[in-house]
Amino acid sequence: MLLHLSTWQEVETYLEHSRGIIFPIGSTEQHGPTGLIGTDAICAEAIAHGVGDATQALVAPTIQVGMALHHTAFPGSISLRPSTMILLIRDYLTSLAKAGFHKFFFINGHGGNVATLKAAFSETYAHLAEIGIPHSHLIQCQVSNWYMGSSVYKLAKELYGDQEGSHATPSEVALTQYVYPASIKHAPLSEAVSKDHRIYSAVDFRQRYPDGRMGSNPALATPEHGQQFYQLAVEEMSEAYLKFLAAA
Amino acid sequence: MLLHLSTWQEVETYLEHSRGIIFPIGSTEQHGPTGLIGTDAICAEAIAHGVGDATQALVAPTIQVGMALHHTAFPGSISLRPSTMILLIRDYLTSLAKAGFHKFFFINGHGGNVATLKAAFSETYAHLAEIGIPHSHLIQCQVSNWYMGSSVYKLAKELYGDQEGSHATPSEVALTQYVYPASIKHAPLSEAVSKDHRIYSAVDFRQRYPDGRMGSNPALATPEHGQQFYQLAVEEMSEAYLKFLAAA
Amino acid sequence: MLLHLSTWQEVETYLEHSRGIIFPIGSTEQHGPTGLIGTDAICAEAIAHGVGDATQALVAPTIQVGMALHHTAFPGSISLRPSTMILLIRDYLTSLAKAGFHKFFFINGHGGNVATLKAAFSETYAHLAEIGIPHSHLIQCQVSNWYMGSSVYKLAKELYGDQEGSHATPSEVALTQYVYPASIKHAPLSEAVSKDHRIYSAVDFRQRYPDGRMGSNPALATPEHGQQFYQLAVEEMSEAYLKFLAAA
Amino acid sequence: MLLHLSTWQEVETYLEHSRGIIFPIGSTEQHGPTGLIGTDAICAEAIAHGVGDATQALVAPTIQVGMALHHTAFPGSISLRPSTMILLIRDYLTSLAKAGFHKFFFINGHGGNVATLKAAFSETYAHLAEIGIPHSHLIQCQVSNWYMGSSVYKLAKELYGDQEGSHATPSEVALTQYVYPASIKHAPLSEAVSKDHRIYSAVDFRQRYPDGRMGSNPALATPEHGQQFYQLAVEEMSEAYLKFLAAA
Amino acid sequence: MLLHLSTWQEVETYLEHSRGIIFPIGSTEQHGPTGLIGTDAICAEAIAHGVGDATQALVAPTIQVGMALHHTAFPGSISLRPSTMILLIRDYLTSLAKAGFHKFFFINGHGGNVATLKAAFSETYAHLAEIGIPHSHLIQCQVSNWYMGSSVYKLAKELYGDQEGSHATPSEVALTQYVYPASIKHAPLSEAVSKDHRIYSAVDFRQRYPDGRMGSNPALATPEHGQQFYQLAVEEMSEAYLKFLAAA
Amino acid sequence: MLLHLSTWQEVETYLEHSRGIIFPIGSTEQHGPTGLIGTDAICAEAIAHGVGDATQALVAPTIQVGMALHHTAFPGSISLRPSTMILLIRDYLTSLAKAGFHKFFFINGHGGNVATLKAAFSETYAHLAEIGIPHSHLIQCQVSNWYMGSSVYKLAKELYGDQEGSHATPSEVALTQYVYPASIKHAPLSEAVSKDHRIYSAVDFRQRYPDGRMGSNPALATPEHGQQFYQLAVEEMSEAYLKFLAAA
């Protein structure tokens, strides 16, 4: 059940039997010469929609721009500052908590979001208590990274070994190829790629990772791999969501 | 050309011949008993993608949550506060202005966004000058409301007269029916509907407009109307974008 | 009844029979070679005081600095950023809402204030609800631009035609001449004046409108015109205020 | 020379021979049963205009609302929060510093403003350096409280002894009586008045000082006293301004 | 009783008989060629711990970085902006006010903190009222500068006359020598030292006071003096704290 | 070399051969019935001072209050909000980056700080670039959790097995016992302790973990263990710091 394709009365009915909602969250940032700028959002959205189908959960619109300041020396990248993103999450959750939602499950496609998301959860709990939301102590947030699920991780290692890398990875590129086969990109990739993993400022990032990749070889990606990742991720994230929902 | 389906190198190439980018912006808010919560974002996105095709413009990911505080007494509505939205727009445009974009064209589907968007543009111009973006004086933003285009407005009047209303209108509902025919909703609509148009707080809004509609009769909408609105809006917005791009 | 010339006990008494208060809001910004920097505040204040007399309304001190970032490349202009102005309005209204005021009527003299004011109203409604002001759902704000009143607008067109322009207009200059006849300025005005109306950054504004005027010929202004504008505006704004006060 | 009655070209000319500007700053807050809510602003403005005449200085519009949170349990009081007031001062001074002003002299009528003003000066110096204003190291701000000038202080002691008190004082009331003789108020004043001087929250303030006065007997004020205070204050503040202007 | 060496259960017990807590607050900033960068924090902390012992008061961790923007052109200085420091104080006091603390006593070692601290107190009172802390009207804050105590001040004048100066003073240096005898520094001090006392931006400060001292001769300091200052300050601050605690 | 015990001239000299500085960061929060409220700060500070000695690094004053909102339902806990902490870190690093520091190494004692610290690093990189700090692209921040070092972790597992838990752990308590043997606390500890590890709001936390411990048995701690942890942590953190300093 997708929030943007529902009416408010359908949401009212939904709240009678569930207090949970799923937020796909990605990023709009460079993903190397062949990765789509929307990769993280595309992956998170596809998986979240799959989870929504599998678990009858309500899925909110995808947060398509996240914390990607370190990518902004590459054209086309867009980022919130952490301080802005905290306010955005606080505003989103305040709107929904007032309406009766308690359990916010973020399916995340971008490592750079995690720290700010967690900071935002803390900020939000305190905010909701201060403004006197009834039952504010029942509000719970969780972020789950689809690419860190154990079966997903295992498959990526099997298929790509250390060519998986840590940004513009073949696994995420594969998933976007499965979702948008018409947008599979071809571009020359240097064989050599930095095995570094450190991230500082945007200018430093571009110097350190000149074509945007971090240790990855996305040329290994195929749409078929993507489908496998998709299925494993939906399964794992569905399980995680249901566990989150059921827990006290 | 959709930003999220492009690579950074494609954006780099795009910037060699154009400095413009289009942002669809909508809202995630109740649209009466039969209108989709995503109505404003759906309309803005569909039209923006059409304009992108027609003008070879780059289209950024849709801003799906806007300024809808007055709708938040209806479940499922999500809103940024104006102060947060100003920061969001500032962050988005700062990322892109650094990369060389000059002309930001917002195709807007929600009246409630306009004031905050304009405030955000002013804030952003000053910010970009202060941080010393080269050529910051060339940065230009414009918001165009698809539903205010003269041919769109005329058609709505022809088809619906004063049953068009001002929120959850048949014209926007029709457009979503054209885009998502599988999500056409049916629900009883009271014949009587407030002809008021004043907007204050969320609680007041729900008292004033109990089912969420403002003077509208969305039961008049059809997917065929939606297609007509889509075509007129794409045409008008394309013209507006090209004029904006060409102007000094 | 002017707030700054009243005592708190007089305000307490006033609140027994009225919940309304009027805020004149202007700007401190260049108005071309012959327009006063305080033009917008002077006009709004004079009219608001007239409305206060006509309607027995309480009139707050004039907000003399507004959102005029685009004028700041001309010396003497002072501006709040939109984000600051939102906080200012929120603070003002919070102070007064706690004391029992419900109806805030802004008589505005500067087009550049409107977007930020409307954003501030939305921010304030949400803030007042969150901090638990009793009856926060009764709080209502309205902005009325004196120069947009139908009789004022009609007179400007009659007197000046398209030489009214859109900034440093003869109508507002006339009104300041009526209020401050000792400060009527004389300076050469080029016959040619840009008919443009677009507004972006401060640097761009000064390039686009080198002497500060936007399509206007303030040399047509006379104090006698000013008196006419004053009387029409007081009448229209009084009517608008009373209607606002009476409405649910 | 009053900024709001000047044109931008007059300001441009002024800047050729002076970099200084004077800001009157007051407050909009209860001043006991007979003191005007605008007392602090009225005094600061009258004196600042006198200083402007005496020294040929440019005088900006009066800041009429300051930091008066502790007075907000009395109706009619309006306050900025300190954090908002810091932003307001930063915005004002940034606008003017960009235009070439260096020396900002605040003639203050309200003790509660001093701490926040000083904090704002520090914030502003750092901000102007960060945004790269040329010669930002020449920017200087000073706040002078008219009621603390030695001759003013001495006269108040002579006339009123310890009935001067520390809020709603006869000296400031006298000054407003001189400026606005038509607004002299009469109301019963209890003989007993708290000699306390501590200030905490708004609710505590009203409990501690039930009619708003702090140890003062404003019934002693006369317009003739007011004229004396006015003259002494203009003299002292003029000297202080010229000294500030001349100093490295 | 030191907060950081207590358990939460000991704090719970403490709250049964006292609602007061002491905050030492200093700064991390240059103190001339021989003064320690931590001087202000060291002094405030030592005295606060002495006061805690003398009065059985709970002492919170020292705030070691304060408002020292004007010192930041000297390496090693660290400063909060006033706007950040206001938020910090608000957050600290909110945490403790929720737990039942009412009386916050700041023992301050740095003149530059005073304005921002007072602004922060005002901001905090309003915030605590808005979030509905029970008994928020009982919350009281006070800042006491140890170096302004009358006996301390008198001793400094006796020992150093006008060589006490106003920054990097022999009295505060002496106190640090008493606390940290192993860190007594020796460096050449020019005989001439500016007698100025004005403070503007960081760059201006370093030009005006090239070695960081303001009119002081810290070479006069001895650890024995430091001990005297310590004892007088503990006595005076203890008395001040107890008076604050006892007052309504 | 401790910053607070140094002079600015010593820092100037230090900068000639090193661009690195170490920040101990802890928290002020409940640590169960026997853990000190300052545990996290005490551990981080002791280790950081040891690392400073071992590596000749400059060590800044300890950040004693961090992100501990979830502990604030226990009296004595103090927390910054994430948004405040981001500003604090930005301000600290801006002061020092302007002075020439490049490498900021945070030795952290509190898991709850990590997300906000990382968010703050990102915010700071962007800020420093925007304000035009020379060589802003060389600025690097790293957070290292002393308790996550492999030898520390291994020892904790050996000594305590799963009684180590995840808050108020015997390892951190032991370290404080080594540092402050006079402050070893005794209090009854229930044998049963929640093995949960989830963290949401403050109220939820206290319900979930009634005495403040998370799965730990701090009764196992001894000062001798503390010394072992201290030595291992200093060794590991020294190595990590030197590696960070040496890396490009």
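The first chain written gets the first letter, and so on, giving A, B, C, D, E and F; residue counts start at 1 in each chain.
Basically, contacts are C-beta pairs under 8 Å (C-beta built on N, C-alpha and C of every residue); 3 or more make two chains touch, one makes a residue touch a chain.
Values in this document were obtained by computation on a predicted structure and should not be read as measured data.
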item: Other chains in touch with both subunit A and subunit E; value: C, F
item: Option in A-E, A-F or A-B whose residue-number contact pairs overlap B-C by over half; value: A-F
item: For subunit D paired with subunit E, centre-to-centre distance based on mean C-alpha positions, whole Å; value: 29
item: Rounded Å distance between subunit D and subunit F, as computed from the means of their C-alpha atoms; value: 46
item: Junction residues of subunit C, two or more chains touched; value: 72, 81, 83, 87, 131-132
item: In contact (per the touch rule at the top): chain pairs; value: A-B, A-C, A-E, A-F, B-C, B-D, B-F, C-D, C-E, D-E, D-F, E-F
item: Subunit A-facing residues of subunit C, complex; value: 130-132
item: Subunit B partner contacts - residues on subunit C that touch it in the complex; value: 67, 69-70, 72, 81-83, 86-87, 112, 114-123, 125-126, 128-129, 136-141, 198, 200-204, 207, 247
item: Touch list for subunit F against partner subunit E, complex; value: 2-12, 15, 28, 30-38, 41-42, 60-62, 64-65, 72, 74-81, 83-84, 87-88, 90-92, 95-96, 98-100, 180, 183, 185, 187, 212
